[in-house]
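This is the structure I want to talk about, given as structure tokens.
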């Protein structure tokens, strides 16, 4: 039986930390790096080793998972002077779990390939809770062989890993998925506003929708939040959804794909953010639509 | 006394016929009426009795379910000279399962009340297959007592019956539900168009969405239809969805409820219909969105 | 030289009254009818004669202009027991200046034709001020010969009369014109909201737009209204524009014409109305868009 | 002292060349630079002097006007090693007439200020014909004093120059103006599609609109183009409008300003481009809307 590869984790934020814990618990030798080191303490107690820089984590691992806040952080951690690309060897696989544009993913992949290494764009779907339980969905793009070599690591952190094609396919799928999700929730927001103004009880609306062919998990997940207009704490904030919608619409603009309902959903996210709801759960577009139909609550 | 009430069925179309069969099979004495009588033959063999007019079916039943093609048919069957309202007695319950406007429902309810009878708007959700299997969802508005008296009949034809409030609440909920459904499918159509133009395989897109929080039953139901662009035969045609969307937007206009994503979804249904797809399944907006992004397929 | 025909005016509201005055001033023998007779007093002093019913005004005039509040009033005044159609002779021309649906216009035209009379749908563009100055624009549908026979009457009340084709063409053109106008004003509202939030002075925005290829008369007309957010008194209320937009979208739904920007403009009119602006000038969508972008003033 | 300042022109494209000719004709000593020098030949014959690099044109001029193809060209010509910023002196005024993002404008302004020079964002409105006739509209942002010092130069090339506020205000106003224009033309496209399918003649539609409060110059300018569906040659292509709409929506996203009608207009521009019309005049959205309503023409 082959020895377990050393796995590096770059970025120990809200997603990175539970991912690192699951990797460690699954028995992989683990190297971690974070911008601020105190986040790593618990992991070190469990046997992880600390790397001083992204470069060092890449140099000392066979597979590196990164989970970073935004494209600027991804740029810095990969391309910076002590960045991951400076540390990779010929067999290193870098897998970035952040949601960035396909073009940035392809740029990192090209840079990795120049150094003989492999890069997977591998964003995840799922909440922080799902991350903790190793129940993420992983959407991966890049070389098939690199994806296959990550199978055990992905199994440690997720319930399903999808190989979707060449570099950029993973983040593209993530953007498609969030486009559908955000517009679905806008659909829900409009339906609830109509039903409520027509005299229906939101609890009833969610009960019926929950038994209908529109019964997506997100409908059940937001039933209480929307019925009680309690959008804090947020599972996923409006401002994060705005960021993702902008990546989606940017890709659509670039590829000449009209997405009018998605564009309108984005506009309602902007309006909700501009009127004070940016830190609310992204389902707070339901509150906006009720305000816009003259409802008080 | 627990004797089963006589149940009338007015309208033996694609939904009415399987509904009548389930009522009969459940042991209710059954009276049926249809514009053309040959549709009733199988039911008569099973023990149903034929009524010559809607008036007669109402006069000889305690509970009458109607399932009719459109608002014009509902008007005629209820208000016509030999219509149901002319036949009702003081204890009769009329329940219309068609999708019409809340204002028409309330008009029938008022006319029924004048005659001492009760009217429920009770549209259903579910396919013809679901109707056959007694698995419809029933959304009812009207008097609570009338709804309760229908419990056994509804149990014979559906998996769940929701009491939603006063007259009009049932059709309002049906419109809310179809608004959400149609806009969800537009969301899906846009996501698939984006993913496909970006190089993803639609089969993969549906696989990932099917494991995501957007995994509504409609997503699974349309996966093959959309991936293979095979929109015939239709489960529910674009022109029927157009009719429902128009009822939805009419209600929204009347109540001053802005529904911009739903309005855009309606526009794409119009465009799909105008470009030759009106008899296709309503998910054929996915074909339109691919055409509009320059795809051939 | 041929004698001037007797002209009837049915409806002496905000548009009908100045129209009647201009007809009278131009030297036509004039018969007037209004639901409440006091509105006619000034006209009677100037030589008009009062008719007791729409039927009487039609029976005693060669050309009858009607200007009525809404489709229900048009139905009543034309089809009622003492309605205009009951009074027409073989050479009578009825011209309705109200904004109604093309199908209602065609229904009246058919009823008129059965009686040997002619009907023109002839809605007008222009403010009450323009009506007073005889500067309306007239958009007419019906028989060309009937239109030609009205030339002198139309010249008395308008600056331009357009013959647009068979029955219904006039109101169709009016709807097209208002669709463009309403969506233009939504465009303006969005542009001003963007410019203002980016730090521009609305006065400057209007100055630049007024010198640009977007410099429609409506841009100049609304410059002060929008810059100073002073939407009362209304030149044309949001609720009247909502009514017209609904006729527009109904026609588009019937003919299968997707109008997504117009639909969105309608939704913003609904939102503005639902949030307390229904009596404001229709340019108050500019206030809505500023509120939705987080602006205070 | 009233000596005329030396004026530099960087970029001799479709707009830059006629601008340079008007500056020269007005009597200003003129230095020109273009990426390819043959474009300058006519100007040299008229007395202009050639500069070898943007740096040289900046070093030898008091006022420099740049007119460049896109933001990448602006970046290169300003920030490149032989770029304009490398050549400026303490009194130099740089004025960029290209349409770029406000943030790029402000970045250039800050870089100019570090060197003691001034930068104006000064995009223009108007066709190539208007440029040739010195009839452009100039929208300027930056320091008021720098704007005032450019008065004579702006008078040589335009009919009106608007000072709109601090750096970025000029391009912001240009984006606002194009947002309104693009959405107006979408409004027009929808109105024409509706009218045409309802049986109206597009020539009549434009005649009526041309006498209405929607009669913007763009309506008259596109009457023949749209009525005859003759979108080539383009006055302004769909792909250039797409570029500007993207800058507009990017600014709206950044500032949290919902622009749903503008977003829908952008989507229709994408659809028109994706279906083969990207080189057509931007009014070709009218062709798209007719195709989407089932029209052939």
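Should a chain be cited, it is by its letter among A, B, C and D, assigned in written order, with residues numbered from 1 in that chain.
Keep this in mind: a residue touches a chain if its C-beta (ideal position, glycine included) is under 8 Å from a C-beta of that chain, and two chains touch if they have at least 3 such contacts.
The structure displayed is predicted, hence computed values, not measured ones.
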Set of chains adjacent to chain B and to chain C: A, D
Field: Same vs different contact residues, chain A with chain D, by half of numbers used
entry: same
Field: Centre distance in Å when chain A and chain C are each reduced to the mean of their C-alpha atoms
entry: 53
- request: Could you give the separation in Å between the centres of chain A and chain D, each centre being the mean of its C-alpha atoms?
  value: 39
- request: Quick one: report the Å distance separating chain A from chain B, using the average Cα coordinate of each chain.
  value: 38
- request: Two or more other chains in contact with one residue: find those residues in chain C.
  value: 252, 256-260, 264, 267-268, 270-271, 274, 292-294
Message: Which stretch or stretches of chain C touch chain D in the complex?
response: 102, 125, 137, 139, 159-160, 162, 164-166, 168-169, 172-173, 175-177, 179-181, 183-184, 186-188, 190-195, 197-201, 204-205, 207-209, 211-219, 221, 248, 251-252, 255-262, 264-265, 267-268, 289, 292-294
Message: Quick check: in the complex, which residue numbers of chain B touch chain D?
response: 260, 264, 270-271, 274-276, 291-294
Complex interface listing, chain C residues touching chain B: 242, 246, 249, 252-253, 256-260, 263-264, 266-268, 270-271, 273-274
